[in-house]
Structure formats: C-alpha cells, structure tokens
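Letters A, B, C, D and E mark the chains in the order given here, with residues in each chain numbered from 1 onward.
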Amino acid sequence: MVAVTESAPIATAARTRKPGSPLAGLSAYLQALPLFLVLGVFLLLPLILIAIVSFWDYDFAAMYPDFVTFNYTETLGSWVTWKTYLNTLKFAAIVWVITLFVGFWVAYFLAFHVRTASMQTVLFLICTVPFLTSNIIRMISWIPVLGRNGLVNSALVEAGLVSAPVEWLLYSDFAVVLAMVHLYTLFMVTPIFNTLMRIDRALVEAARDAGASSWQVLTNVILPLAKPGMAIGTIFVVTLVMADFSTVQVMSGGQSASVALMMKNQMSLLQYPAAAANAMVLLVLVLIMVAGILRIVDIRKEL
Amino acid sequence: MTKAAEIDIASVSKIYGQSTAVHAISLKIPAGTYCCLLGPSGCGKTSTLRMIAGHESISSGDIRLGNTVVTDLPPARRGTAMMFQSYALFPHLDLVDNVAFSLKMKGVDKDERRQKAMDMLRLMQLEAYATRRPAQLSGGQQQRVALARALITDPEALLLDEPLSALDPFLKIRMRAELKRLQTSLGITFVHVTHSQEEAMALADLIVVMNDGRIEQAAAPRVVFERPATAFVARFMGDHNVISGRAASSTNGAVTLDVVNGGQFTAQGAPIEAGQPVDIAVRTDRVRIAPTGVPGLGFTGIVSNIEYRGSTVKLSIDGAGIEDFTAILDDAAFFEQTIKVGDAVPLSWGEADAIVLGRIPI
Amino acid sequence: MTKAAEIDIASVSKIYGQSTAVHAISLKIPAGTYCCLLGPSGCGKTSTLRMIAGHESISSGDIRLGNTVVTDLPPARRGTAMMFQSYALFPHLDLVDNVAFSLKMKGVDKDERRQKAMDMLRLMQLEAYATRRPAQLSGGQQQRVALARALITDPEALLLDEPLSALDPFLKIRMRAELKRLQTSLGITFVHVTHSQEEAMALADLIVVMNDGRIEQAAAPRVVFERPATAFVARFMGDHNVISGRAASSTNGAVTLDVVNGGQFTAQGAPIEAGQPVDIAVRTDRVRIAPTGVPGLGFTGIVSNIEYRGSTVKLSIDGAGIEDFTAILDDAAFFEQTIKVGDAVPLSWGEADAIVLGRIPI
Amino acid sequence: AQNPITLRQFGTGVSNINAVAQKCKEDLGITLEMTAMDSDAAAQRAVTQPNSYDIADIEYWILKKVYPSGVIQPMETSKLKFYDKVVPLFKTGKLLPDSVIAQGTAPHTVGYVESKDAKTFTTSETEFFTMMPTIYNADTLGIRPDLVGREITSWADIMDPAFKGKASILNIPSIGIMDAAMIMEALGNIKYADKGNMTKEEIDATIDFLIKAKQDGQFRAFWKSFDESVNLMASGEVVIQSMWSPAVAAVRSRGIACKYQPLKEGYRSWGGGLGLASHLSGAQLDAAYEYINWYTSGWVGGYLNRQGYYSACMDTAKEFMSADEWGYWIEGKPAQGDIMSPEGQVMEKAGAVRDGGSFEERMGKVACWNSVMDEDRYMVRRWNEFIAA
Amino acid sequence: MHREPRSREFYVLAIFFALFVVFLYGPLSAIVVLSFQGPSGGLTFPLNGVSLHWFANLLETQAVGDFGGSFRRSLALGLMVMVVTVLVSLLAGLAFRRKFLGATPLFYLAVASLVVPSIIVSLGIGVLFQQLGLQPAWYSSAFGAHLTWTLPFGVLIMFAVFNRFSPAYEEAARDLGASSWQTFRHVVLPMIAPSLIGVGLFGFSLSYDEFARTLMTSGTYNSLPLEIYAMTTNVTTPVLYALGTVTTLFSFLVIVATVGAIFFLNRRRTRA
C-alpha cells in the first residue's frame, strides 16, 4: 500500500503536467520500477546466467566456468535435437490447430449464440472450473479413461465396436495431444471470446444485408476480426506446448520426447550446461515464433 | 437502377419477450417515396425498419415489398438494402472491398466486382480513397461509403437508420441534400429513420410520426406541419403550441374550449360534445404581439424566456393557464419593440391558425 | 452564489507536439456572460476550454480569472468548474455521493456534505433519485446531476463542453432553456462549447466563432448574425449566402463586385481597391422571388433543390456564377406560386441585405 | 524426549516415510521434516540447493554425481554406532566372502573417501563413509502370470514377440541402460567387458537395439516412478516389465496376480543411504549422527524389510521383526500366519512364499548395479535419442 | 413471453459446446468415480467396491508427504503472489498510461516473461540462487518465479483496462478539488476494482497450480503441486483421486459462490 501512496499522486496527472515539476517526470519511472525489478531479477538475470552457463564445461559431476561451444555443437549437431524439435513443433502445430478450432467454435457459440450476458458468464465459468484444478490431476485422470481396460475401451468392446481394446488411446502421441488440448484449450477460448464480444453486431447484419450466408459472414467478417484474439491465444498455446514436459512424459508413457523434456532429463542428470544450451535454443525459437505473431497483431492496441 | 417497390406493412407487431415495441402498425409507402420515420427515442422506429429489412423477426402481421410477401425472407432476398446508424463499415477491408462485399458474396469474380465497386466509389467521389480503410475517413466520407455499399446491391428500397446522427451540423446539412438528390435521381423508395423533425421535413415525401410503438400520423410534411393529427404530433413537430382544455361549445366548424384555471379559446374543427377533453394547436409563427380583436384568438401573458434565433426570435410566455406558450417573431418585428423577460405582452393569432387536434385510440 | 469572474485570455496558444491547435487567441469574457465557443470540428474549442479549466497546459500566453492569473494553477484552485461532454459521472457512486464529491475532497464531514448535496439535487429536481447510480438515469437527468456536481463547488465560472450533444433533439431544447435560466439566476460566467449555431444563438450573450485555431469573430449573437465579420462566419452561421468576386468599383459606402464568369453585385461597405478579392453576404431570408429593379441586387437562376421546413421553404438556386445560392421563403408565399426543381426564377433583395465581409489576417 | 533440533531430509517417497519421522520424534525428540519428491527432482535438489536440506536420502549411483560437487560431507565411521552391522555388500561389494563383485556403480565404489575434504572416492574401506546405507534391493522382471501364459526364465523373455506392446523398462537412463544390458547379454547380442562402464561402441549397440525394439512396438511405455510401474501392471497395460519388489507387492495387494520373477542371469540391484549435508556442524551435526544411529538401530530396518526392501543393518532389524516375518521376508520361508504391511493391512496369506527366495538367494545373485559410467554424457545423449526415436 | 426461434447453427454449436464440456469434465468425472473406490481399489477401472474410505484417508497422515503443510505453503504463496501481482500490475498499468523511456522494452520484457518456457525460468532462477549462494525457498525464489508468470497476465489485463479508461473521470475529480491521491483513491481505484479482483484471482490461481516454475526454486519445502506430483510417484491409492475430487469441488463452489454474488449484486443494482 505504501508504494501506491507514494506514486499514485501522479496517476492522473498526464494532462496537467507542468514543466519544472521533476516529480511528474519521475513518477512513471517509479511506478514502472517494481515491474522492472521483479522481471529484471527473476527473468532477465536468470536468462543471462543461463546464456553464460551454456558455454561452460561439465562432466558427470559438476560444471566448470569456461568458454566452450560444444554444448551448442552437440545440441545442434545431433539428429536427436532436430528430431525432438520437429516432434515438439509437431505437437505444437497439432495442438494449435485443434485448440484454435475448438476454442473458436466454443467462443463463437458463447459470444454469438448465447443471448443473455448472465448465461454467457455461467457457461464461460463452467468451462473455467476444470482449469482451476490441479493440472497434474487433470492429466493423470485421462489414464483410467483411455487405458487398455479403461472406460473408453470397455465401452467400445462392450458395444461390439471393436473386438480388442484400442491400443493407441493411451501412451501415444494421440494421448499427448488429447491431454494438451484438454489442458490448454481455455487459453484459446478466453482471448477469442474477448475479441468476439467486441465485434459490433451491426457488422454481422450489414453482411447479411449484403447477401452473405452464415458461412460467408463467418469467413468474411467474424474470422478476420477475431484474428487478434486468435493470435493472443496462439501465443499462449504455442508457448505452453513448446515448454511442456510433463504431459509428453506421462501421456506418451515415456515413448515420446519434447524439447523441454530433453532439457529436463539433462537437468535431472545434472548436465546443466547442456540444458542451458538447449534452453537458449528453445528460447530463441519461441521468441522468434512469438515475434512473428506480434508482427501480425499489435497486442498493445488490441488489448 | 430505376425499379422501386411499394412497401406495405400490414398489422405488424414486434414483441421483445414480455414487452411490445411495435403495436400492430399498418402503413403503405408508395414506390419511389422518400419516407421518414420520426419519433422520440424508444418509439419503435428502429424496430420497424429492421423488420422491413429482415434483421428482426416479425412477431405478427405481414410486410409486402412490391408483389412479394417478404415476412419470412432473409434480408438479402428482400430487395432492400440497409444503411446502418454507425455505418457498420467492415474495419478490416478497404473501401473497394467494403463496397464490393455483396458482389463477393454473390460470387462475382474479383476483377468485375472491383470494377463495379470503383464505379460506385467514383459516383460518390471517393475514388481517391479506394484503398483506405474506413478508420482513415471522416464521418461524411464514411457515410458515402456506407451508401455506396448499400446501393451497389441495386435495391428496390433503401433503409436508413439515423444516417446523419453522427455528423456535425455543418456536414449534416450537406449530406442531407446529397441524400435527397440521390433518391430523386435513383427513383427508389427510401425509408429513413430520424428523430429530427427538421431532417424529416427537409427530406420526406411522407412523414410517419410514431409514438410508443404506434403511428400517430402518416402524411406529407406539409400536412403533418399544418394539420398535425394529434397533440403528440403537434408538440413533437415543435412549431405548434398545444392548448388542452374541455370543450365548451361547438358552432360552424369551430370549437370553443375552456382551459382549467385559464382562458377560453376558439379553434377550427369538427364539433365536439361539451365537457369532452380537447386539444387545439396554434402555430407558433403566426402569433403576433398585438391585442386580439376576436375573443378566443389570443391572450395576455408574461414573457419567461427570449431566445434569439437569427432571422427570428422565440418568446416563451406564461398566462391564461398555459405554460411555455411559444411565439416566433420575425427579428425585425421583434427588435422594433423592446420586450424583456417579465414583461406582460398581448398575443393574438388568426382564425385559421388554431385547429382542433384529434386523439388516436390506444 | 452570485460572484462571477471576468475571463481574460491573452495571446494563448496550444501546441500539441508539432501541430498548433490554438493560435495565440485573445478574448475577454465579461463577468456574468453566457459565452458560446462555436466552430467546426477540430477548430480548437475544446482545447481552449480545457486551458481555461486547467486540464490542458497553456503552451504560451496567459489566462486571468477575475484578478488572478491562473495560468499555472491546478483546476480546483481556479474558481472554475467543468461539465464534461459525456458528463463523466462517477459510475460507482450514487447521485448524492457524486454531487458531494468535491465536499468530501475538501474534508467536509459526511452529514453536512450529504445535506448540501441533497439541497443541490432538490434544486435540480432530482431528490427522488438521490440513491440511484448514474447508469440508472436518462440522459437529461444525468446532465442535471453533472450540473449539480459542478455547481456545488460554487464556481465563478462554469465551463461546459458540448453539454447537449448527447441528448435527443426534444430534450436538447428543454435542457437549453434550463441552462439559460440557471445562468441567469446564478449570474456566473458560463463558457459553453458547441458546434451548433442554433444552440449558440439561443443561449449566448457572446458568441465566439473559431476556425482553425483562430477567433474569426467575437460578438453578440445579433451582430454575428447580422454583420458576420468574415466569409467563414457568414457561411458557418448558415443564414447568409456568400458571394465571392473582385471589386469593380466603390462608391458612396457601396462596393460593386464582379463574379468570375457571372454577374455583377452591389453591397454595403467601405470602399475597396478595384481588382481586390472581395466577399459579400446576402441574407437568405431576405431573398424574394421577383425581378429586381436595381441592378446588382438580384439575378435569375435555376432551382436545384427545394427543402420544406414547415413555416418556411428553402430553395437552392444556381446561376450568375454562383452555386447553391439559398433563398428562404415563407411557406405561404412559396405555396402561392408553383416552383419546381429546374425552373428558372428571378431573385432579388434589398440594398441593406447585402454587406461586404472582412478577412482576418492569418 | 524434547529436542529443539530440526533436521530436514529429502528423498524419494520410497524411504521418506512419515512414520519414520513420527517414530524419530518419539524416540529422540528430534523433529524430522521430510520432503518427498520424484527421483529427478531429488538429484537436482541435492546439487543445486545444498542449503535446503540437512540429510540427503539418495541412491548410490546419483551420489557418484552429487558427492564431487561438495555438498555432502563424509561421515566418520567411528561415530556410526552400527557401522559394524552394515551388510558387507556396502563395504566390499561382496555379500559373502566368496561372492563375485557385481558390475556397475556398486555402493562400495562410492562409499569411501580418504579424508574429510576429499572429492574423489577410494576403492577400499577408510574411516570416512560418504553415506550410511539404509535401503537396497534387487530388481528383476515382474510378470502377470495370468497373462504371460508361459514360463519366464530370462531377461531375454521381455523381447518375446508374444509380448509386443505389452512390455516396459525403466526410463531413468542410469537404470534403464542396465536393464537393456541385461537383456542384450541374455539375448546373446553382445558380451560387455563391463556393462557398468560401457564403451561408446557398446552404448551405441545397446541403444540401437533399444531403438529398434521400440520402433517395432515392443514396448507399451517406459516408466519412471513407482506408481507408474504399479499402474501399468495392475491395469494390464503391461504384462512383463522391469520391476521393484514392493511394486509387485502393491499390485498383489489389489488381488491381482503378479510375480517378482527370478531370472537365470541374476538381478539388477540398487542401494540408497543417508548423507550429511556439508553445512552441518555442531549440535546439528551431532543430532544428524544421532538420527542416523537411531535409523540403523532396527526399528526403521524392520519397517523397510516389511515393505519388501532390505535394511542395511540386518541384525538390528531382526530384533524388530517377528520370527514369522523374518522367516517370510528374509529367509524365504512360507508364512506361518498372515503377513501384514507396515500400515497393518494383510499383504500375504499364510502359506505364501516370497518370490525369489531368501535375502541371500536374492542379493547373492546380483549381476549389476545401477550405474553412472565414464561415458555418462554420451550415454545420456544416446538415451535421449532412444526416447525421441 | 415471445421467444425468437433458434437457427440450426445454434443447435449444431450447442451440441458441439456440450461435447466440449463433456470432454472437459469427462476425465474429471472418471477420477471422481474412482475416488469412491473400496479400500482395496486402485487407480484404474474397474471399481473395486464403493466407499468413502479414500476421503477419510485424505484426512489422515499419509505414508509419505505432507498435504497439509504443502497446502498451507501454496495457499500462503498464492496469496503473496496475488497481492504483489495486483500491486505491481496496477503500478505498471498506471506507468504505461504515459510515455516513458523504456516503456516499449519493458512491455516486451513482460511479454517475454509470458512466453519464456517455465522450465527455463525455473532453471535460471535455480542456477542464479546457486551461483549467488542464496538459499532458495518457496517464499523467495519460487515467489519470484511465480511472479514472472502472473505479472505478465496482470500487466496485460491492466493494459486492457486502462486502454478503455476515460481520463474524463480523473479530470472531473481534479476539477472537483481532489488531489492526485484522492483522485486515485476515490475514483480510479473503485472504478477498476473489479479488474483488480480479477487480476488477483488470476494471480492466485496461476500461482496455486504452478508446477514447472516451482520445480527448481521451491527450496526445502514442497508446494502443493510438487507434493502432488511427488505423491503420484509413490502413492498408488485412490487417495490422490479423492484429493482431485475435493479440489475440483472446492473450485466449483468458489465459482458458484462468485456467480451467485454477481447475480445478487446485479439484482440489487437494478432494483435500487
């Protein structure tokens, strides 16, 4: 509260700033300082350190300050890295497509087909509840559903649809993707819902008036205008998938790899410089992807 | 672009949940008419227009356009085009694409539709802005784009919901003239929603005054102005004083009424049973500052407000049981005398300037 | 509540980054005046008002209120109160707390400030709504709350930025009268920004017409109307035709001018060197349909548009090198004849109805 | 007893049991704060957050990585009351004097250092013990006898095409590689010079073999934690997999047939112990010794034995077990009465005989230990390739 | 009552939405069902008897781990993160309303904070503390790690809020004699309070369930997600599912209460 007391006076002074009042110029900096300090100490500094460590040497027991590049050459020179990155990107792409599809239609339904604001709120919250429970529990809760003798297989076998349990439901890429979609779809629904709610309903009528079918309204008006929301959702989902290790580990039954899982394995075996090099490569990749998305939408404006 | 359609609205109602926004209105708008729907906020103008356009379902009744009953047709198959209040231009498309939108929906190929859209933009003198987005245009330019977008569908009727309300007064008058010119040259039916009497008067061939979901009067502007059908219309049009009282006697096409705690007035109209409530209207611009010779055609009151209007001056006067009686005087005539707020002045008007108003059954 | 302050604006400019919104304007608004700042969109009205209020820094020049130079004072210490365009009522507070806000800021204790706020609400006939939130009020009621909130600070000057623009026309006229009445009874200085000529005429003691960051004319409404200082003012006020040409000869307080590819006209005014550009103004409501006896006081043109206005009719006429010349005719006079668009009509006006306009140096 | 001292211990859930802390409080008055974590987190915690714990409860193979970083201080054997009772396996690598020392990171190879601050291990017994051993066991294949449908006798059986998509091994590189090595040798694919310290070529051969098996769909999953192995087996996802003895018991306790299958090639073994954090000194250090001495004094040993693990001080543990329990768990005898779990549930009915027989039969047939090899970095890289393949 | 007919699109989408909800809740209901296993039931189907055994067991001390302690830590950490997120985001939101040198880099730093993979942040902070010889703990390093996750959300939300916040309200307050502090306290704060509550709840729930960023930063004691994760590696009983059921039920109740409160407030507002 103290921090607010000190800096709040300037909160509103934007238009009344007078030359010669040094505090006025200072206040924005004071207000921004806590954010900068937190991010500086807990994000910037650690990242710099990781960058440094990625050039250190190590053996099976410890790491040694040095300047070696083999962490990178080993990482980038191995087909495993490439394969893992491809695999991770594959997950990201598939999960992105599915969450975008599902997220869009769910948000679209809520925004355009649910008539009252209170019903919108209720339905949206219904979607939110599962996201407030432990991710780990949510993930492992798939196992009894998808297993060889799980709910789905029992039902399928009992219904006579298959003669033997379907094996690929669990411990497979399918399972990984399913769990990720389960975990991350809300991150797509929320921003898309927000942008859809801001679309002027008159635009839809104008389009109908111009002879657009429902489908044409969707493709020519709503989709283009929903782009900012989809972009923000994409940032969330893509970065979450790129950084995921536990879902891949658990749902693939250890049969599949992701970049973060590879990093985590290296970390578990105390190979920090290798993990750091991996981290830098992953970081650069993710930042490039996000920068690409940010070129398409100016999120500062679209918020 | 010369086809026009009559619009026939038969006992149309609009019910939202529990409340009725439009009460079984009936109205015929002849082909090629410039029709203005006029009325205070919430009276059902937009609802009516949107039912014609097909953006709102019709709760009961039927609407016919030309020879087709359009009650259940989707907007695009009605032969109408709508211009939205805030224009509803597509923010993600440039002007050409905005205007070409309906052609694209129809599957017209790209070159052809861009060609046609450019022609339309040229007509609206907007070709220089063809590649701009709507946000980069002024209000007046946006309006012309909205018009272009509506007209490219070659409609039989153009429906406009407060097309001028977002413009500044300067521009409003210019755009008004442009609208009228356009309607005359296209010859199609225009239905234009407004809550400005001035706008309706300036534009309309047919003014439809609505109140509380009902039509109070539908007539030519001159009729609405000179012979307002009801007290509401007279008051709403703003150029009449409405005096309410009870009929005292009726003779010779003239009715005499008593104002509670006030004077007695005479007005032209059909006989009314004594004791019945009656409203009369007195044209504000026919009131003179002069003692009346004929009783019932004037009174003396206290000036409560003076508003300068340029070529005229508006006086508000209280007296004879009437509050806020308005007299519009020519500026020259007014400034010849020296009238101040608080002065007592004699007012009078001619026999033909006071008429009896009707009441609509509810 | 009777103190009022003169507002003295001396060479005040407002510069936003690279662009100058207000160009060194000077203006004295006498104490107790109802002053309207009038002008087209973007001309600098709001910037000027906000500099007076203290919500915008003054780039150069000084502003004095009464005897105090307020240039560097914060808003609350200037003795002004501001009413915002969309009212800016605090949505989280009920009416009493909205109105009592400034007292609370001053540390007035709860009972006393609620008492005073209730008095103020009573004055505005809003006491019944005291516990409502602003969102639960109509536009007109909100406006009165905003007024109450501003007036409770007991200001020497009340500053209003387009206070009526959000209201429907019906309400606009009522609230206009209320504002005027209030100003008269309080006796304090009002500075009211509008872009409606009608509003300014109706309300102001002093109209300040601005254009492009400069003052074109500051005078009483009648002067602005009858003797517009510049072509811009004449055009903007809308009741004059402006005819531009080059001076041919000057005699006897009358100037004769030639219109390019058109006729020759005469107007009252100081002599002007032959060949110099000159603008004259002809009052639209003084134009008659009749051949002129005196050369230079009329022409014959083609009717391009007819707009019905109730008690008057507006004709647009092209001819003699002039486009869109306007004539306002009395309805009775108009309907006696049968004039249609496309007809050629002779127009004429009196000697006193045409005046030479000035030009402001830029 | 009232003791103001608090000791913070971390480790995997295998041995970070609340009952131990409770009993410790009762017996010593020392407050033991235990944090259980998965094995990956435990390794990282040990090295990167040395101040966050007082007692490290870790495995010997990870100690090989942890100790050189200086976060663990050697303990003086003289202060360890039951040092003499420690099973010789931890001192010499031999259970019995004539046993062959198994390959891999055998506990005794990382058990001793020369001095208080030595960073390297010695090969023979000294007065400085890196960790006090507490828990160990021999792992083998677990099977679902009802579902495998045939006799299982060799590590090679896990590769039987009949079990395609129903087999599993561990996904902790240092452990999984040893499973793989056992399988490779059993299949006769290779003869390692020292499978606990493979050459790059041997690593390549092993991983390539695993990759091929994986791509052929032999494996259903790779497990990393106790529960996963239990669930895989109990749900029938897998019918044959590398398994721990208590995990087999956990499956059985649900009424599902599961066998801890002794194999002719022998077992893959592991061991864990308690290490002292470097920062410990003074009263804290004394308390830590006191705690470790209490830990090895028998009560905990009995508890661990009863779970199906083995205590490092068998003699002390024996005093805390009934004759029947001792007979069943350690001597491989048929149970006289019902065998109860430490929590008091019936684990085995009277008459049951423990799979794999007695302690000596099991621990006497250890073929290798979980290992950290010289080529650890290379091996881990290749292991990642296997997982990614 | 006059009802508008629904389009076919509505029904198709309503079914899609319903399926989505089933998808969301399906596995959760599986663990809810499984949490009612009999005493000898396992983590997978089929059910082995029906009982409340595992709920009772949840209240007892487990063989390993400490639900209670880790729950209290996560609760405390969540609350700390909540408070700091609200304060720091609010201040940053206020700062970003004006131009200042470095505003854009700081904004993108916040965005970066959102997109940098959690495990990297965790590793970085872990290594940082190690190199500095600092003691990591849930209330220091993990706290900071969580803030790098919650602050970007907070800042983005405040950005959105102030994008739509009309300065006219503040000017009106200043005009009425309010000091800057009074303007903030009596006008800005109450008006943005709902958003601040939103930021707070968001911060809390993000922190409360954060796993990856706590992994290398939690110090001696586990947070609840770490504890649950550790438990999953050792506990093979449905007590885990009982925990899942209870936490789901808990958040469901919180949401129902919130919705109820919103309805109640709306009703009162419209009646007033």
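In this text, contacts are C-beta pairs under 8 Å (C-beta built on N, C-alpha and C of every residue); 3 or more make two chains touch, one makes a residue touch a chain.
Quantities reported herein were computed from a predicted structural model and do not represent experimental measurements.
Counting steps between touching chains, the shortest path from chain C to chain D takes 2. By C-beta contact pairs, the most connected chain pair is A-E. Centre-to-centre separation of chain B and chain C, using mean CA positions: 25 Å.
Distance between chain C and chain E, defined via averaged C-alpha coordinates, is recorded as 55 Å. Listed for chain E are residues 43-45, 127, 171, 173-174, 179, 216, 229, 232, each touching two or more other chains.
Among all residues of chain B, none touch two or more other chains. For chain D, the set of residues that touch two or more other chains comprises 39, 41, 44, 224, 231, 235. Looking at the complex, you find that chain C touches chain E at residues 53-55, 74-76, 80-82, 84-86, 88-93, 101-102, 104-106, 131-133, 136, 149-150, 153.
Only residues 40-41, 168-170, 173, 176-177, 180-181, 195-198, 201-203, 221-222, 225, 236-239, 283-285, 305, 307-311, 314, 316, 328, 331, 335, 341 of chain C touch chain B when the two sit together in their complex.
For chain A in complex with chain E, the residues that touch the partner chain are 1, 3-5, 7-16, 27-29, 31-32, 34-36, 38-39, 41-47, 49-50, 53, 102, 105-106, 108-110, 113, 118, 121-123, 125-138, 140-145, 147, 149-151, 154, 182, 185, 214, 235-236, 239, 242-243, 245-246, 260, 263-264, 267, 272, 275-276, 279, 282-283, 286-287, 290, 294, 299-300, 303. Taken in their complex, chain A has these residues touching chain B: 200, 202-203, 205-213, 216, 220-221, 224-225.
Only residues 58-62, 74, 78-80, 83-84, 87, 143-144, 147-150, 167, 170-171, 249, 252-257, 261-262, 264-271, 274 of chain A touch chain D when the two sit together in their complex.
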